[in-house]
Amino acid sequence: MSGQLSYLGIPLVRPKVGFFELSSCEGCQLQLLNNEATLLDFLNLVEIVNFREGMSERADTYDIAFVEGSVTRKDEITRLTEIRKHAKILVALGSCACFGGVNQLKNRFRDLDWVKKEVYGDFPIETMEVHPLADFVQVDLEIFGCPIKKEEVERIVTDLVVGKTVRHPEYPVCMECKANENICLFELGEPCLGPVTRAGCDAWCTSNRRGCWGCRGPAEGANLNQMKEIMHIYGFSNEILLDRLECFGGFASFADTVRSQNKKTPARKKKS
Amino acid sequence: MKFSCEVDVRHLTRVEGHGNITISIKNGVVKKAQWEVVETPRFFEALLVGKHWENAPYICGRICGICSIGHTLASIRAVENAFGITPSPQTANLRLLLKHMETLQSHILHLYFLAAPDFLGVGSVLPLAKSHPEVVQRALRLKLLANDACDIIGGRRLHPTRTVVGGFTMLPEKGELEKIRQRLLASVPDLLASAELFKTFGIPDFSRETEFVSLKGETDYPFIGGGLVSTDGVLKKEHQYRGMTNEYCAEGFTSKLSKLSRASFAVGALARLNNNFPLLHPTAQEVSKSLGLVPVNHNPYMCNVAQLVECVHVVFDSVQLIDTLLGSPWQEPRQPVQAKKGEGVGAVEVPRGILYHYYKFNSHGKVIKADCVIPTSQNHANILHDIEALASQYAGTGKQDREIELLAEMLVRAYDPCISCSVH
Amino acid sequence: MIFKVFKKQELARLYELLAVNIIVGPVNRGNDRNSNPLYDFDVVYDFDELALDYTQTMHSPKRFVLPYQETLSSFVMTHDGWEKHVDLNVYKPLVFFGMHACDINALNKLDLVLAQSTYPNPYYMGKRKNLFIIGLDCDPEPQCFCRSMGTDSAVHGFDLFLTDLGNKYFVEILSATAFDLLSQISCKDPSAKDHALYKQITGKKSKGYTAAVETSDLTKILDLEFESKAWDYWGDKCLSCGTCANVCPTCYCYGVDEHIDLDLKHAGKTKSLHSCNLIDFAKVAGGHNFRPTSASRLKYRYYHKHRGFVEAFEEPLCVGCGRCGAACLADITPPAVIASVRGEE
Amino acid sequence: MQNKLAFLDILEKNPASRRKEDPGSFEYTLPAEITSIYPLTATEKLYQIQIIDPIQRNDFSFRPGQFVMLELPGIGEAPFSISSSPVRHGDLELCIRAVGNFTNFLDRVERGTKVGVSGPFGTHFPLEKMQGNDLLLIGGGLGIVPLRSPLLSVLENRSRYGRVDIMYGAKSPAELLFTYQYEEWQRFDINLGITVDRADKKWQGRTGLITELLKERINQTVSLRENTYAIVCGPPVMFHFVCKMLTEAGLPMQKMFVSLERRMHCGRGKCCRCNIGSTYTCLDGPVFDYWSVMNLKEAI
């Protein structure tokens, strides 16, 4: 919109940005419109060329493609591959794109036909096992969270434009939760995945006294065995632990382990 | 004169989710007029099966990114109804306030970001930031107010964190509520200015007699729970929602469809207003009349106006709710929950219409059956019939393809469809 | 040192005299799942908000001198470069009403490294120098091992220190400001009976400790046991979550983050308290991590606190408040860790 | 109102009074400008950084081995060994490899860019003590960077030192730094030994490890015990072997000096990132004698 961008004398290219969605609630994209205070600055920093939820104009090339949602149908693989072809940088936006999100909860049933029948009866409907984007295309950058945090997206976009290395916190949510001087939810009798979930959300849920469900996936080197131990010490069943571990898909492999030790719930179909 | 027309819109823009419009007119005769929903289903109703009750609102809130608060509240209500829990007056008031703020946020988003560009002849809100900065600033101001309020009450504007079965995990600071109250009062001029703006818009002249379904207000304009009503005179209880929706599957729709007394019916702001006009705040009624909206109005494009009227209503009602909340000391935020075998329905008026969640639990409090009926899926058949009628009305009038395309797009947008939500 | 006594009801008057300033003190934060009260420090607006009979607060008072997050500087881009602006974020004196000895000693320890060394940290010093501290005696709790660390009583670093003698407070006065203040309430010189009572109460306190750390030759033992299996045992439990450092009253290490505003015209530099247990704490620019395992990081934490700091300042960087162990979900406590490293189990 | 506590403004905010013990020196940076950028290899560049104010520039004095922190707003702050001679004061030369966030950005900036400089920080090589002795300056890879300042200082005062050997090893000829200066150095009666791990077609010099060069040097002398000092800079694994070899050759540990690398955030001994036990690499280092390093757990 305005003239040439630059930072510390380095001329910068205003990136052409596209937003795309596969199977999702489209909430992560909406979060960008929820940037009321900074929306106009944001629009000055990038050139949005594709944003179906918000605009009619479309373009076919873009520097950065933000893709929300997970892959749950064959035509989405085609769309995703197409987006990848036209994008210099492909960003997985939100937990669905990074891990499969809540959608991948259906993978825990052995039987996809049962899933279809449960919702659509005998009406024919197409679906497949849920996958994150990285199962099909190269993902250059992941923005975690359900939903994503708009401040984080703004920081990441600014860093991309300026050419700074994008870094995610490697430590778990506990770090940010304590820095907010919250009461540990275990003290209050609530289960929480904060000790193993990647931070960066500023303890969004736990600061509201809601235990962490691990939407941002595991922290680097997360001590999952100890997490399980803690849940038991505080009197929470494997099922309660599993509800959280499997909710967004970031902890899928550990959820498998817990599930195999917890025979009451149906086992996840082994990936071929 | 132009008597043929081809409209083929793949993945309609400025709506939530993926839908296609096809219109084909040959020599003044409508050959085809279609509304298709191609969104990928996510199978939320199956996802919940076998899950402990506390998962339901947490997971189901994620059906929709726009009305996640509404979904969460409908889900919580269904669980509470199944367990026989009645929310405390404090909880009920806070929930309604949160609901109002979602309504305000969603309506403003729709009116200014999704609908207004059509009336102003642009493709999106982006050019408006330059050509009509005061309009965009006003929209952002109103949206920010609503979103801030959602953060304060629900913990988060999207996928709220504090809303749980039994109440809230945490209560807002009273000082923060007081600030929201002041900002609400200060927003009235913005809303009246919005009304003036909409008076300048040429609402397309189109009408098709429609059955309108909504919650039925007794003493207040209805948003959470209560009886179900239709303009054709059907009255049902909340738990009889299936008789009101009669869901079925059809070719061309990954979403389910609904019908009642006729082939289709409509839900949403226009339906609520048509059924509950006298319960609107007096100022909202005045605004409505000044914009030419009096019940029963059968022009689907008037849904935009109904949304604006509701914005006025919720702002005034929210001020009253805050006064009530500030008028007494905080009680416990949350009551204990005892799971039990049973089933429950939660009906909530979300921005796009009436939303139902239904769960059946076993004695361990685990979901054995879930059903969610989304407003947009109730509207789909009606949108389809509207498009057919629209095509017929304009077939042979000599309109250009693009004009008819725009009218069709605007028609769908007027319903503010939440397509991914309708497929869920 | 000057001692006084005053009747308990005078304390509220003392509060009122100080109420023209910002007052921070212990407040009740509700109950835990076992219905035990939870406490923390916060700004108070009324004497009745103070929970002076508090058991240990969940978080230490350090955020008032060492915030978890603090903006160090901001930048404005100009036509020919940029300008840097530094704000030390200290504007008003703070009254700390009711600090236990361990937390006072923690501030004294922080002073050693942040205020009395080369390159003192002005962000800290500004806040620290503008604290008026009223200390308060306490009863040993199960997690307290302050006696082992020599921090069970405070000898300096406060203005007033109150000991509860039943119906009155026994007061130690360390500053002229405090002396002036006490002249405005009804105050007396302590009698011989008061002295006896004071000695009786402090004597009883010293017998109440259940937790302890054996500190003799600890610096050497830590060196000898550098390769001890005990570190791996605790390392396996450690979540590397940083909780211990965040609740610790003496942990001060930090990381810095720079951000650029969306308008590309402004930038800022923020400091966040970190923990040496965090996985990337010792990672260098090229990517090499000097302490890749949780055991090596946990060990470093004990090294810094109980060996390195002792070498530098002849006292450990630990006041034995036990908050780290109480807050640790993996139940890693200094007494247990040190005992196992010493081979005492 | 008499009980309103007086606000104690303890801080001298006058930047002119900047001294080590002045609290204001924290976060205080000297405005400086990049006056030239000279590419040395594919990944390293030599930056000329001049403190803008002439008085500040002249007041800026450092000792070989010390480092400065460079700051770019919004990008970060990072420590760099000074590669220039101390006689040039605040007209610094820094050899920087584009490897992390800060240096990658620095790699893109143009001449004339403003940067913030703070320091000098840390310990230095005790060149005064070394006078009258033989010197071994041993550098591996980027280790030549902290070595260059003491080297230039020695060359400027060549007559004060005995035999001077420089041993420098790099992975390949393309990675050798300061190649344009080797001839100049040799004019000062210096034994310059250069070796690479892998030769390329044009390379006519030695290949092999730096320890082989050192072995030859050691074999030329009966003992290093009496009048020799060594400065060893390079990756930890290299100086570990080199120092071991020197020790075996009789060089006392307190006459060997190394420069350690750690993650430094503040450069002022406050953030703990570079802390090893009681030792802050930024305050007590980066220059240590080998005896101190031996006593630091995890140093190497």
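Labels A, B, C and D are assigned to the chains in the order they are written; within every chain, residues are numbered from 1.
Convention: a contact is a pair of C-beta atoms (placed from the backbone, for glycine too) under 8 Å apart; a residue touches a chain by one contact, two chains touch by 3 or more.
Fair warning: this is a prediction, and the values are worked out from it, not measured in the lab.
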* Report the chain closest to the protein's overall CA mean, measuring from each chain's own CA mean. => A
* Asked: Using CA atom averages as chain centres, what separation in Å is found between chain B and chain D?
  -> 65
* State, to the nearest whole Å, the distance from the C-alpha centre of chain A to the C-alpha centre of chain B. => 26
* Asked: Distance-wise, how many Å sit between the C-alpha centres of chain C and chain D, to the nearest whole number?
  -> 37
* Structure fact -> When centres are defined as mean Cα positions, the distance from chain B to chain C in whole Å is 51
* To do: Any chance you could list the residues of chain C touching two or more other chains?
  => 77, 82, 259-260
* Structure fact -> Among chain D residues, those touching two or more other chains are 73-75, 100-101, 113-114
* To do: Report the topology of the inter-chain touch graph, choosing from line, ring, star, complete and other.
  => other
* Between which chains does touch occur? -> A-B, A-C, A-D, C-D
* Residues of chain A touching chain C in the complex -> 5-8, 12, 38, 41-42, 44-45, 154-155, 158-159, 161-162, 164, 170-172, 174-175, 178-181, 183-184, 186-189, 194-196, 219-223, 225-227, 229-230, 233
* Which residues of chain D touch chain C in the complex? -> 1, 3-11, 20-21, 23-29, 31, 71, 73-78, 99-103, 113-114, 116, 261-263, 265-266, 268-273, 275-279, 283, 297-298
* Asked: Which residues of chain B touch chain A in their complex?
  -> 11, 13-17, 40-47, 49-52, 54-55, 58-59, 62-66, 68, 109, 113-114, 117, 123-126, 129-130, 136, 140-141, 143-144, 147, 155-159, 161-162, 164, 169-170, 249, 254, 256, 420-421
* Complex contacts: residues of chain A adjacent to chain D -> 7-10, 162-165, 167
* **Footprint of chain B on chain A - complex, ascending** => 1, 21-31, 33-34, 36-37, 39-40, 43, 48, 51-58, 72-73, 76, 101-103, 105-106, 109, 114-116, 118-121, 123, 125, 127, 146-147, 204-205, 208-210, 213, 239-240, 243, 247, 265-266
